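Letters A, B, C and D mark the chains in the order given here, with residues in each chain numbered from 1 onward.
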Amino acid sequence: MTPPVSESLKKYSVSIIGASGYSGAELTRLLLRHPLVELKELYAFSQVGNRVSDLYPALDCEKLYRQYSGETESDIYFLALPHGEALQLVPSLVQAGKIVIDLSGDFRLKNSDEHKEFYNQVKAPEAFMTYGMPELFHDEIIREKAISNPGCYASSIILGVAPFFRGTESSIKVRTINCTSTSGISGAGRSSKTELSFSEMSENIRAYKVGVHQHIPEIMQALGTSATNPSFDFTFTPMIGSLVRGIYSILNVQLETPVEEAQIVELYRNFYKNAPFVRVRDTMTEIKHVVYTNFCDIHIARVTGSGSLLLVTALDNLLKGAAGQAVQNMNLMLALDERTGLI
Amino acid sequence: MTPPVSESLKKYSVSIIGASGYSGAELTRLLLRHPLVELKELYAFSQVGNRVSDLYPALDCEKLYRQYSGETESDIYFLALPHGEALQLVPSLVQAGKIVIDLSGDFRLKNSDEHKEFYNQVKAPEAFMTYGMPELFHDEIIREKAISNPGCYASSIILGVAPFFRGTESSIKVRTINCTSTSGISGAGRSSKTELSFSEMSENIRAYKVGVHQHIPEIMQALGTSATNPSFDFTFTPMIGSLVRGIYSILNVQLETPVEEAQIVELYRNFYKNAPFVRVRDTMTEIKHVVYTNFCDIHIARVTGSGSLLLVTALDNLLKGAAGQAVQNMNLMLALDERTGLI
Amino acid sequence: MTPPVSESLKKYSVSIIGASGYSGAELTRLLLRHPLVELKELYAFSQVGNRVSDLYPALDCEKLYRQYSGETESDIYFLALPHGEALQLVPSLVQAGKIVIDLSGDFRLKNSDEHKEFYNQVKAPEAFMTYGMPELFHDEIIREKAISNPGCYASSIILGVAPFFRGTESSIKVRTINCTSTSGISGAGRSSKTELSFSEMSENIRAYKVGVHQHIPEIMQALGTSATNPSFDFTFTPMIGSLVRGIYSILNVQLETPVEEAQIVELYRNFYKNAPFVRVRDTMTEIKHVVYTNFCDIHIARVTGSGSLLLVTALDNLLKGAAGQAVQNMNLMLALDERTGLI
Amino acid sequence: MTPPVSESLKKYSVSIIGASGYSGAELTRLLLRHPLVELKELYAFSQVGNRVSDLYPALDCEKLYRQYSGETESDIYFLALPHGEALQLVPSLVQAGKIVIDLSGDFRLKNSDEHKEFYNQVKAPEAFMTYGMPELFHDEIIREKAISNPGCYASSIILGVAPFFRGTESSIKVRTINCTSTSGISGAGRSSKTELSFSEMSENIRAYKVGVHQHIPEIMQALGTSATNPSFDFTFTPMIGSLVRGIYSILNVQLETPVEEAQIVELYRNFYKNAPFVRVRDTMTEIKHVVYTNFCDIHIARVTGSGSLLLVTALDNLLKGAAGQAVQNMNLMLALDERTGLI
């Protein structure tokens, strides 16, 4: 039930374009119970005319999916579309003065060559939108009307190492990051591919896109460097495992010079002291600790005398890795407490 | 985040005895975000001194589990204890005038012989408490200060057939109900049994307690008859499957005389027309439609000309089958909208 | 254990038509290590030109899938095709004098009206082939050159109640059988349907085709009656659960008159005393007890004084429910020990 | 395929000490169908008097678990005991001239300080036994009567990088290996720990023993160096995931100088050209490709111009990681084809 709020309070109207995928469904769930917005339209190309409750009975929502034809009646638009499809839609929404939160990768990269390479496209978008990671770009986000919401793997990796790159401890230099991440299969979207069927993926693990995943350039960009000309060695191996939700990232970090464990823990705690959704935990993190929440948990599992670190992060790919972070961004853009509707 | 409520609003104080099991953890989650109560103490015998967030990091709660020693400071007490352990504690809480919601089977049965038989006990409780199934006993619940919360299987079965027994269509008579239910393994509690380990239960199914499960007498009692002297043939086969949450019940019902499908659908829709958490659905229900919700879904899958019916119900064993229904009952006992904090 | 075989022994040549699905893959695995046959050709329409090891690396087989164009060089042909596709192929193979084992439902039913109804077809096959359930039709199978291999659900249900219908205890009469079966998702074949994706089916259960499943008529036929004019009430509710392999059937049987449990156990043990792949077990059976084996386990879980029985059966849908039983049939048709290559 | 064997052939007698755990059960399964051995006694301390078929009905074996009291009647003894328990038993079996294959870590390490450190023991064994990895130590194994069978993680990691260390391409030098491995939960044994229950581990992932796992020293030893004084940087992060069987290892290797991909593929193919159970595959490997087989699959997923490699290996922790490799070793020690009974 929507929490009791003073009736007189004006609510922002919000619509979702691409509402029938898994990220769209999570957005629907979050926005239906958000106390300060009113969910208006759910646009979804392949499901036009169906009810939300037909596809997602757990959401208990009788709205119909509609065809999007350029409407701009709502105050806020979330786009949860396959990569490439937001390119056409975002500019007119921005021009109409709407608040726009795009969950695709279409406007995440400043470097158009990297965009073309990693998204296999001949043409890159002309614009870049502020990268909506509140723990890193809070001050930019609160001033923007349109942002790019980060990728799921990218969120789990950037948050895991950001204190070394964006913290004030400029004396700590990273030489190498080797990252392996296991994602829940919902990250592949609502899919009918044989290789994602239950019979194929139950009790299975499969790595893919080794070294070429499209989240690599946004990770490097957020850490202040680039995939093309990196300031440190970075390898990334994504895997899907036998789970629906969650991303579990193992980050092997080699520093230029050794740093005491206590100093690193202090650096992390300090860096995230105002971040309500990042928890630096003393004990090993697990997928189970974060699914169905907007938390990203970080555990500093090992610090050796030679400057080798082992960090583990966990988040829910559909929440902190997508819809939850998107709502967190919306809250910031509306000057609300960023936790509103998320705890 | 607790929804914004007027500061001046007095909140009820609530404590949980037996807070560290799975039902206790779900109660904790629900009560932490309930807008009109304040969660005070979490009592848990085996976890005294540990934090909630040590056991259940997803709850993000820094409270400590404490030893219960007869405290009565809260307005409301939930008991989520193993069967038998509430027997001692409930009377003094009732005497102190507290609102008491007991999730165990200790006070569910009127017939003490059945209690002794199905719970394998030499002694039965002297008292019976109103059976907290809001869809059947709403008028009793709102007048009570202490109730018994129904069992998980019992909820999924009673709700599936109640319209035949408690509806106004007195002309429809049930001859036989054969029920098979598959439960998520969380129903067995937070357990260290080898036979409930992941390696044993992944991709497995196991029936157990065939015909002797302790929920049988409460089902019969709620349907207006008794396990000892039943007015219809009832068989019940519980199973655990390869899932954590949810109960899926297949109800084969044989009526004394055939009834048209339309009449049965009408009977069900009418019976549940004021029940916000029971959904009579036109299409097949699934576990996925109800987990992490307080809904019980019912689908009338087949009605034959000979009076044979096939009904399918689904609910989340930890929510509508335990903690969710308990909070729904609390809402009714506090004269609140029964949906408060549950949607 | 594979039986001892002398080098000089001539091996039968065998080919599979429809080799790339899950049943075809299990046939491939079994026939590759069968000591008395040599696997020749693997025909598979959608995978022509691919290697077995591309699709099923665990099989470690470098053969190529080929297009079937009427070849009859092998001694034995297994057909593991979607329903309807064997209709054209079987007659010419039979005419060529081949041993033919068809895993589809195309030739299972004597009653062509039932075939048309339950398989949704306008035309039924003109011929019926002996039903290849060795425990019931051993004497017919050993004399045949072409047989129909039973359906997976059908195997789990027929074996569970056959002693009442085909045993010598003619005094025991069955009034009602209510059956609910949970199948592994591999039963739906190698599929790209969204509703069978990992994200949809993990920790889920879904009933389907309630009362209309195409295995109903073959069950009734094998029990000596018919779906059209049944000698007892039969309801069947198939479900898919969160597992890849296995079928678990709960059989609620109501007898006309009560029978002692000891007599029933004796009846079952006696009926299956020469059946190496049916185990009547004293303790509860589980899916885990039978997957990757050709066993069908049966447990008589409850016998009441009123003649109500609860039987539980378990088998591997791809082995005793498909490829394993097919090889068992081949062994019988070749006058070999029926266990050859299966233990 | 089981090799052909004549009836007159004398079979070796074999017994298992510690037969009731998961590795013991897999040994039982393999040895029951091995054509050249006869399984005699199954010793299991906690299950004395129970039948194999009580614990593992799928094995269909009516033998009783017995108490071990120093018997030496069999030709061959497998020990599948918890670490520390083989220390007492192996010496007398060796002295009695038996063939001994120990699956524990008790006799794997030459360096007793490392044994004490990584196994948390005050005392290390006085003896070391040949490390039974056939692909590396074939010539030693065939001459031995007692060997140590490798650990499951160790097998998946050593086989993944051995060509760099034990191959003839002495010009390739490894600078760093960062390894993350996900294991099936059966690796933890037949367990009653709450943290390994289905409810805790379904759809979960958990890293543990980061940098301190007891397989680290045997990996380093097999690669010709030591954990204490390593010739390259090595980090190892083991995880358990939501699967019963299998180990999936991601190996980030940094070479001292870049090497062409073709040269590396050639090195691997050459190194394993006589290894029937190691497959160097062109396409991505998956857990599903190897479970229920004795294969270890290796895929060279990425080779960069800067000498950074990404290798992926997969094996079944209970087979190539334990019981399968043990039988492979037995075959070699008996001068049999190493594949006997394993394909």
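Here, contacts are C-beta pairs under 8 Å (C-beta built on N, C-alpha and C of every residue); 3 or more make two chains touch, one makes a residue touch a chain.
All values derive from a computational prediction rather than experimental measurement.
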Of all other chains, the one whose Cα centre sits farthest from chain A: C
Pair exhibiting more inter-chain C-beta contacts, A-D or A-C: A-D
Between chain A and chain C, centroid-to-centroid distance (C-alpha), Å: 47
Rounded Å distance, chain C centre to chain D centre (Cα mean): 36
For chain A paired with chain D, centre-to-centre distance based on mean C-alpha positions, whole Å: 39
Multi-partner residues of chain D (at least 2 other chains): 184, 200, 202-203, 242-244, 286, 288, 291
In the complex with chain D, residue positions of chain A that touch it: 176, 178, 180, 182, 184, 200, 203-208, 210-211, 233, 235, 237, 239, 241-246, 248, 250, 252, 254, 284, 286-288, 291, 301-302, 304, 306, 308, 310, 312, 314
Parts of chain A lying in touch with chain B, wherever the complex brings them together: 1-5, 33, 35, 54, 57-58, 60, 202-203, 279, 281, 283, 285-286, 288-293, 295, 297, 337, 339-343
Residues of chain A touching chain C in the complex: 22, 184-186, 188, 190-194, 196-203, 242-244
